[in-house]
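The structures considered in this document are given below.
Look at the two complexes coming up: subunit A is in both, with subunit B in one and subunit C in the other.
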Partner chain A sequence: MSSHITYNSIQKDTLQELLNIAMGQAADSLARALGEYVQITIPSSDIIKAENFSNAVGHIDRQDKMITAVRQAFFGDLQGDAVTVYGAQDGQQIADLMGYDELEEVEEHELLLDVTNVLVGACMTGFGKQIDASIGYSPPKIMANNISLRTLLSREKPSWEHSLVIKINFGLAERSFLCELIFFMPESSIEKVRNAIELFLESL
Partner chain B sequence: MPIPLLVVDDSTISRKMVIKSIPPAWDVDISQASNGFEALEACRQGKAHVMFLDLTMPEMDGIEVLKKLKEEHLNSLVIVISADIQPKSQELVESLGALAFIKKPINSKELENVLQTQGLI
Partner chain C sequence: MTVQDPQCMRLKSTIVDHANIGLFAINRDLEVVLWNQFMEINSRRHAKDILGRNLFECFPELPEKWLSRKINNVFLLGNSSFTSWEQRPYLFKFPHNRTLQTTVDHMFQDSYFYPVKDDRGEVEYIYISLLDVTDVGIYQGLLKTTIDKQKGLITQLKDAQHQLQQSEKMAAVGQLAAGVAHEINNPVAFVASNLRTLNSYTSGLVSIIEAYQAAESRLDPAGAEMTKISSVKKQVDYEFLVEDLEQLLKESDEGLGRVRRIVQDLKDFSRPDTGDWGWADLHEGIDSTLNVVNNEIKYKANVIKDYGEIPNIKCIIAQLNQVFMNLIVNAAHAIEDHGTITIRSGMKNDHILVEVSDSGRGIRPEHIKQVFNPFFTTKPVGKGTGLGLSVSYGIIEKHNGRMEVESEIGTGTTFRVWLPIEPEEQQEVSTESSPTL
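Our next item is the complex of A and B:
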């Protein structure tokens, strides 16, 4: 495997557009589930070498704040892990929106698992559909609770040399809720995405 | 006389996808803009009798463009083509004067239907 795995600028621009569309579909699914407008920003994507992993992924604003992280693996034509990072109060925020009060932590976590399922499913399916990739999902699981993102990233690193890392933020306009969805894909998927992008470009 | 059509999107790829979906028989003179400022300038120069407008753009987004068009009394028939497909976004752009909302990824059949509904082809 080459040590210089990158996408060229046209491939990056195309990936960006495919991700915008996938993100829009995921935001729409979440908006419909919660009955709230979901704020989205432009997604970011990078190919990151394992040794730079913590720095590259860790420049997220909230790296020292307490978070809850949910992991959901996906497989099929593309494979990897989706890690969704929630702020300490996000479970409570979702509970409020759903009309629950005084939930136990375990019940709040159930809600976060549901939200994760909606976001990851809509996003990856929306992405895969555009490049003719079919994708399956394992059930989401709480990966870490009440630790900082910095700590989480220092102990959880992909075993792959290169990872395609995609980051997408979802926020709620009237609330402090802000979650970050991070996809990690290994070299085999980096190549599959590249081939799919090339096919897509040929059709333009 | 071809109709001046302006395609506004920050992504080159996305503009290509939109332009590829335009019905071949529609007689248009296509210009492109990659942000809201360029879009308004092209509009002032008469290059946007019809405008295909993206919403999520750096510098000036599509919502801002719709507001400025009103403020400056610039006449353009705007069709929003966006990946932000939430019902609230659709309501907002229609309240700001957009004629129609098309969800990305665009497909040529849907675009043709919208253009027919709006009496543009």
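Our next item is the complex of A and C:
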């Protein structure tokens, strides 16, 4: 792997710190928006090669469970794809929080799109703030419905060679709601993130 | 011209007002603060009647609970939000302007909610844009219809391919059967011929022995010859031997007869359109068929014969027997433990009616249209070729008759065969006919 697509250990630690702050803030504003206590895991980040794509994502749980996945592209100073993975019952768990009474499939999809938009927006905007990047969002789209994560990953062919992958899980303490959020940022963004980290370190 | 330039501001305002998308904005009190021309025209509500008023007051038909939550999240989180026509066809029910399109009754919309922030970064307004995506919706609908149609066609193609493969296989089996039948016929013929000769030789030998036996009285009962004869007779169990010899020869002859019939069946199977037209009694045919299939059904069902008065009809009785055999064996297969098979006959409107009913599990409604299709079977692999009913259908068609089926899940199935007394014109029967109900 050439140097421009790797981070040294200081850069890695700094990135981790920036992510912790950003995701903490995201969880905070989500808690305010939803009126519920939001649980998040410590974000993990890694640079992966396209051929390791399914393995790199594969160790999250629910490999063989039926899931619905939503994809949202973001662009601007950082660009890439965010993928959120929901379990079969996740939509039902939070229907009332998003203002739904009954949840047929169409409403459930809309709900998951909306939740994705909220999560991705909160996380990326938070991260963007930390590294002074402004980011725009495309409308989220249903990527796959009611298939296993394994099947979903096996049919995705990444268009990049290397990608910065950031993973984080969101849950609601009061409800059995847990979704996985995965950000993929290709080569150009890897470079931008590194520059931002360097700037941040200089400013300390 | 700079951004703050009044001229530039005027230009921006004009663009917002006349943009060919819906643009409006609301403040934190959900009061409308901007309402462009697109919104005016499509909602048929003038800006002056809307501005400063609560959005949900002006448009009570909006889904308030959901939308206010969505708007609230944008205010709180400061991030944009979306709706898509795929999940929510429209936010505002505007008429569509595709006058020639009758498939839609409203404008499809994608919407975008954007937080407008003040100097401190607090969200002051939300502006919402509505994009008319009716064409996308219409074409997507067309595309979906086309794809569904194609899926149907692909299934049909796969079925057809499967049928082709099957008939290929069956043709090969048929050829093989014809070849085997021919090979078996030769040895069977000379065994049969030898058996006939053996039969006559045996009766010759037995008559000679009987002639000798008549002379036994002239021998001394205590003499050496008579003692020897008695001991040999006893040793071979002469009385039984003579009796059994006849029986053995008879059974062997019957066995050969069965081999011949099987060979003939194989030949018929590979060339089913042979057979002679003649006047025949259907009841006789059914009875002989019942004898043949007795083994298959005796543990499964009681057979009730409810025969009416029917005349002899002109038919190829061997083929009709094949049809009856099929119906009776199928009836037995449909019965899970033990049940009844009822065979009725009668006349109606110059036609002979033969009905085979069973008290079996019934045919699922989605299968009933397919039962006469070649290679359609619900039996496990190797248990049924799916040819029986389709061949039967072909045979009945050849007799200018028709076949019907009626079934109820859990109650049973009735197959009805209608036959004319004398077919108008005798046609060649094809086993590959693929009828539909």
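Keep this in mind: the second predicted complex is superposed on the first by the 192 of 204 C-alpha atoms of A that agree within 3 Å, B and C clash if a C-alpha of one lies under 4 Å from a C-alpha of the other, contacts with A are read in each partner's own complex, and residues count from 1 in each chain.
Following the convention adopted for this analysis, contacts are C-beta pairs under 8 Å (C-beta built on N, C-alpha and C of every residue); 3 or more make two chains touch, one makes a residue touch a chain.
Computed from a prediction, not measured in an experiment: that's the story for all the values here.
Asks: Quick one: subunit B and subunit C on subunit A, clash or fit?
Replies: fit
Asks: State whether A:Gln89 touches subunit B only (first), subunit C only (second), both chains, or neither.
Replies: neither
Asks: Looking at A:Glu110, would you say it contacts subunit B, subunit C, both, or neither? Reply first, second, both or neither.
Replies: A:Glu110: touches subunit C, not subunit B.
Asks: Touch check for A:Asn145: first (subunit B), second (subunit C), both, or neither?
Replies: Touch partners of A:Asn145: none, neither subunit B nor subunit C.
Asks: Would you check which partner chain A:Val118 touches, where first means subunit B only, second means subunit C only, and both and neither mean what they say?
Replies: second
Asks: Once chain A of both complexes is superposed, is A:Gln16 in touch with subunit B (first), subunit C (second), both, or neither?
Replies: In the superposition, A:Gln16 contacts subunit B only.
Asks: A:Ala31 contacts which: subunit B (first), subunit C (second), both, neither?
Replies: first
Asks: After lining up the shared chain so the two structures overlap, which partner does A:Ile40 touch, if you call subunit B first and subunit C second: first, second, both or neither?
Replies: It touches subunit B, and subunit C stays clear.
Asks: For the overlaid structures, how many degrees, to the nearest 10, lie between subunit B and subunit C at the C-alpha centre of subunit A?
Replies: For this superposition the angle at subunit A equals 150 degrees.
Asks: Smallest separation in Å between any Cα of subunit B and any Cα of subunit C in the superposed model?
Replies: 13
Asks: Both subunit B and subunit C touch subunit A; at which residues?
Replies: Correct list for subunit A: 32.
Asks: Show me the residue ranges of subunit B that touch subunit A in the complex, using the header's touch definition.
Replies: Residues of subunit B touching subunit A: 11-14, 16-17, 20, 56, 58, 82-89, 103-105.
Asks: Please give the residue numbers of subunit C that touch subunit A in the complex, ascending.
Replies: So the residues of subunit C touching subunit A come out as 65-70, 72-73, 76-84, 86-88, 110, 112.
Asks: For subunit A, which residues count as touching subunit C in their complex?
Replies: Contact set of subunit A toward subunit C: 29-30, 32-33, 98-101, 106-107, 109-110, 113-114, 117-118, 121-122, 125, 136-137, 139-142.
Asks: For subunit A, which residues count as touching subunit B in their complex?
Replies: Spelled out, the residues of subunit A in touch with subunit B are 10, 13-14, 16-17, 20-21, 23-25, 27-28, 31-32, 37-38, 40, 42, 130, 201, 204.
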